[in-house]
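So, here's a batch of structures to check.
Two complexes follow with chain A in common, the first pairing it with chain B and the second with chain C.
Presenting the complex of A and B:
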């Protein structure tokens, strides 16, 4: 009787979240999925076209291919390098040297600044005329440097990437939490066996926080499937389409071309990419298994 | 007993959370469109309520004018019509928001997109205003302003101002470079640029971000110097940019980027271009008379800056001089449509237009000359427009929104010679042809 009551309580307490989830995510997602098979444009154009949007997107739209390519590259870079940097920093901070908390806070600063402010900061840092980077290079090289970092096709992609790749404060926090949850006696046993700090990092700490690392990779990689503001506010996907990603292309297709069906096709591609991303990261990190 | 109380409390809390969530999402919530709704008091009996979404807020130069006219409207019609103002900061954010509301059939009753053309995208939701426009109203407005707001003989917008644009130049810097007067041909214009450059002055303010406004004004003016170019620059929603005159104009823009502008032009926004002109780092900027107020603003420029500035028609005696998209109505019921029409008629009447030119520098679209106190440079701009040989409309009003966006991402490539003028024109054509 008591367990039946408990079940009802669980259902009752889950209900608000379930209803909100359905209204805010599930229903819109279904609408996005269904309308991705429609030609839906401004002026009342709305009729089914089957797989035409998907076919056009993958065979006749080089801009969509470019945006998918950029999105995938950024997702991989973020899932690997961003998490690697964050993990290394977390392993260093986990030694709890004097002032480690200050460093932890400093690493978090880029994560708490709004994207709009961050974009303006980066536009100024990389400005061709008065930017910090060019001023620094000019003073070192002793000649005026006027490189247009964001808009030179040779440097645009890397400059945009630099806006998020190095700032892994969130990963540091997540990995640190994982590291601090490892029982101390494991380290003590390892120390007695003569293990060095480096060996303990590689052979004990990292394997034991594998699920945490998996979570960090999921967060980092999927953040690139949602990245919009920083690109929109700096390069707007240019020059040409060199820094265009799928969310920005979706936005442009929807709001500049008023081609909602085609934009929703991109939405579906993004959702599927996200699900696949999470699935493979789960598999790679064996997130459902535990070592502890 | 304790258990019962705890259970009841839990259920009550769950109910409250659930109900709260539902009401938060209901369309009757304040600011249904997600924007701040600034209504006055609750509507009185018999009062028709209409919604008006506007970007004339925050730092918008039209904010003061709008508040002035809304107050006057409320004084005159407050007992009959209540205007609920929804504030959306930024022109582009406003346009994007309207597109989202259009797709969900939730447009506000009255829209004013600050010159952006929403008629061709949202015509099916906009009200044909023809039945609401009486003879007096119709006859008071310049015909070209009705034209730009009409489609197939139906009027979808009530004009408030004209788009009149030439270019401003710094007389002191011109004198320093030995230039006596603004150029009358593009050949002479480039010679003047060479003279400025030789004197150590960067000739042109240019930009590429957003719509590359300043640069695209130059582009349009070069296109509009011939008869067929003028025709092109008055064509709504052109789909083919692979025209010789257009390609030639793009080549000239490429030359300007390469030789005559500042290093921050590529990727720079209007603010960068204007900043360079205000600080006398550049000698020429293309823009409309609404900029004149800034020439007197000592927060932006040095004292006496306005006295150094002159205004000129583009070479070939070309001026942007066209009607501008005005107020659109998307009200769904007849009662609201009438109220909305009354509101837009008031906001576009002679007094409103007079206040508009005095406060913002926007040129009135009335047939008769308005007796108003405006800056001499504004008067001069109007005179130049009235006497110009060729009159063109601006790209932002005429071209597809995605073409305008394409311009801004292709300019950096053009400026760095990564694409040719022909390729630039081809890209714009491809973007235009994506539209129906």
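Presenting the complex of A and C:
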């Protein structure tokens, strides 16, 4: 009786999660993988084409190549510079001088408001006519500046990048948590040897939090494989396709052009890129698999 | 370079860095807030001038021409419901995964953990088709289910590790006293995992509150749309009324900032736990 009860309980307790998981992860994933080998369009077009979608995407579609290029550049930039900025700020705050928590809060604020709001804020901050950036530059340079940051091909990419690259509050709190978990007595010997704070940061603190840094790099890099609304609400991939990335191109291909098989090929590319990213970052930071 | 000079230089660099990053974090938001009280003319004239008078006309206009309050309500309902469902489903499953041996457990845990690696944008198209085919497209319930599911993997690992850290003895005593599985779980186990549950609740609520892509794709009517989407409307609705646009922006971001500042210890701790365990 007891063990029959137990069996029922296991089934009952797992069922809701498993149904939801199958419906919104497992089945979609199977659909993505399988139909990436199909030509599937609205109006009942559905037949297998082998590797044609992949072949087309990687050799004959300049938009696809541009969006892969942008996605990779942004992933690398975010994994390196964004984490670097966050780590430097965390090392400064980790000395817990008076008022350090205020800075932690301030750095987090752009990360807690919805990124849709952040996008619209930036659209205004970089507005050509009344934006904060042009007004600031005009008053410094003493002549009116009317650069259209988001839509000028020379500045579009960097302007879009600025919406996420510098706002590393999330990295700051992760690295800080790592730094605070180092026991104080580790520093004693170094202090007696007269090591400066700077030397201790580089040679003691950073190596000790290597797994935490690895986690931070994974979070920052893979976030770029999901980035959608900050681009969608500002440049929408333009001018031309200069700021197009894979999620946005996938959205356009599937929901605007109803070219489902081709869109799901991009889904597969995104999934594989994500797995490779995590794999290599794990290797580079020699992270213990079980810590993940 | 003598030692004291080097220390001075390092300290100056630190102060400059803190100042620069404080400025770029706050200045855009402060400018939006300030401009929401200015007239259109004042906004066009100068970015730095203070408003001539603090009136709330922009806010009145924003509330009149847009269904921002309705979007607020939708966001609140969807984020709350998806948080409750996520907590309920995940805690039940994580409990049996943490406590019992059964066939398929390892495989299922592996599947859930590998789904952590999947960028949710990759599943956009099939999820859209599935929601359309089961008639949950453009419904509150559909969006609640999708948000609940998006948070499953992270929640699962955070909560399971909490259950694993709770000693078994209490439950065993309860079973011996004749307590059923259900009662033991809801009365004894869940309260013990309170801090784990609140961590997950914070993460799940924030995720759902801010989520944009699925909310955009899976809805089309005002009755269902959420706050992040409101901004999509505003950029076109208010293309010539900057005051109202800035007022709307302020109304969207201010609650998040205030709630974050009040709950910041809890939120910070949740994010760190979510990042490291997830």
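The criterion applied here is as follows: the second predicted complex is superposed on the first by the 265 of 292 C-alpha atoms of A that agree within 3 Å, B and C clash if a C-alpha of one lies under 4 Å from a C-alpha of the other, contacts with A are read in each partner's own complex, and residues count from 1 in each chain.
Basically, contacts are C-beta pairs under 8 Å (C-beta built on N, C-alpha and C of every residue); 3 or more make two chains touch, one makes a residue touch a chain.
Computed from a predicted structure; not experimentally measured.
A.B. asks: Using the overlay on chain A, decide if chain B and chain C clash or can fit next to each other.
C.D. replies: Clash.
A.B. asks: Among the partners chain B and chain C, which is in contact with a greater number of residues of chain A?
C.D. replies: The partner that reaches more residues of chain A in the superposed model: C.
A.B. asks: Regarding the shared-chain residue A:146, is it in contact with chain B (first), chain C (second), both, or neither?
C.D. replies: First partner only, chain B.
A.B. asks: Identify the partner contact of A:9: answer first if only chain B is touched, second if only chain C is, both if each is, neither if none is.
C.D. replies: In the superposition, A:9 touches chain B and chain C alike.
A.B. asks: Now for A:42: first (chain B), second (chain C), both, or neither, which partner does it touch?
C.D. replies: A:42 sits against chain B, while chain C stays out of touch.
A.B. asks: In the overlay, answer first, second, both or neither for which of chain B and chain C A:237 touches.
C.D. replies: Touch partner of A:237: chain B, not chain C.
A.B. asks: Check the residue A:228 against both partner chains and state whether it touches chain B (first), chain C (second), both, or neither.
C.D. replies: second
A.B. asks: Once chain A of both complexes is superposed, is A:215 in touch with chain B (first), chain C (second), both, or neither?
C.D. replies: It touches chain C, and chain B stays clear.
A.B. asks: Can A:256 be said to touch chain B (first), chain C (second), both, or neither?
C.D. replies: In the superposition, A:256 touches chain B alone.
A.B. asks: I'd like to know which partner A:31 touches here: chain B for first, chain C for second, both or neither.
C.D. replies: second
A.B. asks: Considering only touches as defined above, state whether A:267 meets chain B (first), chain C (second), both or neither.
C.D. replies: The second partner, chain C, only.
A.B. asks: When you line up both complexes on chain A, which piece of chain B, out of 7-15, 169-177 or 223-231, runs into chain C?
C.D. replies: The segment of chain B occupying space taken by chain C is 7-15.
A.B. asks: Show which residues of chain A both chain B and chain C reach, each in its own complex.
C.D. replies: In chain A, residues 9, 12-13, 16, 20, 23-24, 123, 129-130, 254-255, 260 are touched by chain B and also by chain C.
A.B. asks: Give the list of chain C residues in touch with chain A in this complex.
C.D. replies: So the residues of chain C touching chain A come out as 6-7, 10, 14, 17-18, 21-22, 24-29, 31-32, 43-44, 46-48, 88-90, 92-93, 95-97, 100, 102, 108, 111-112, 115, 117-130, 145-146, 148-150, 152, 156, 180-182, 185, 206, 209-210, 212-213, 216-217, 227-229, 231-232, 234-235, 242, 245-246, 249, 252-253, 256-257, 260-261, 264, 267-268, 271-272, 275-276.
A.B. asks: Under the touch definition given earlier, write down the residues of chain A that touch chain B in their complex.
C.D. replies: My answer: residues 9, 12-13, 15-16, 19-20, 23-24, 41-45, 123, 127-130, 146, 148, 150-153, 235-241, 252, 254-260.
A.B. asks: What does chain A use to touch chain C in their complex?
C.D. replies: Chain A residues touching chain C: 5-7, 9-10, 12-14, 16-18, 20-21, 23-29, 31-32, 85, 88-89, 92, 103-110, 112-117, 119-125, 129-132, 135-136, 139, 166-167, 169-170, 173-174, 177, 196-198, 212, 215-216, 219, 222, 225-226, 228-229, 232-233, 246-247, 250-251, 254-255, 260, 263-264, 266-268, 270-271, 274-275, 278, 291.
A.B. asks: Which of the residues in chain B end up touching chain A in this complex?
C.D. replies: By the definition above, chain B touches chain A via 10-11, 14, 17-18, 21-22, 25, 96, 99-100, 102-103, 121-124, 208-209, 262-264, 266-267, 400-402, 404-405, 408-410, 412-413, 416, 418-419, 434-436.
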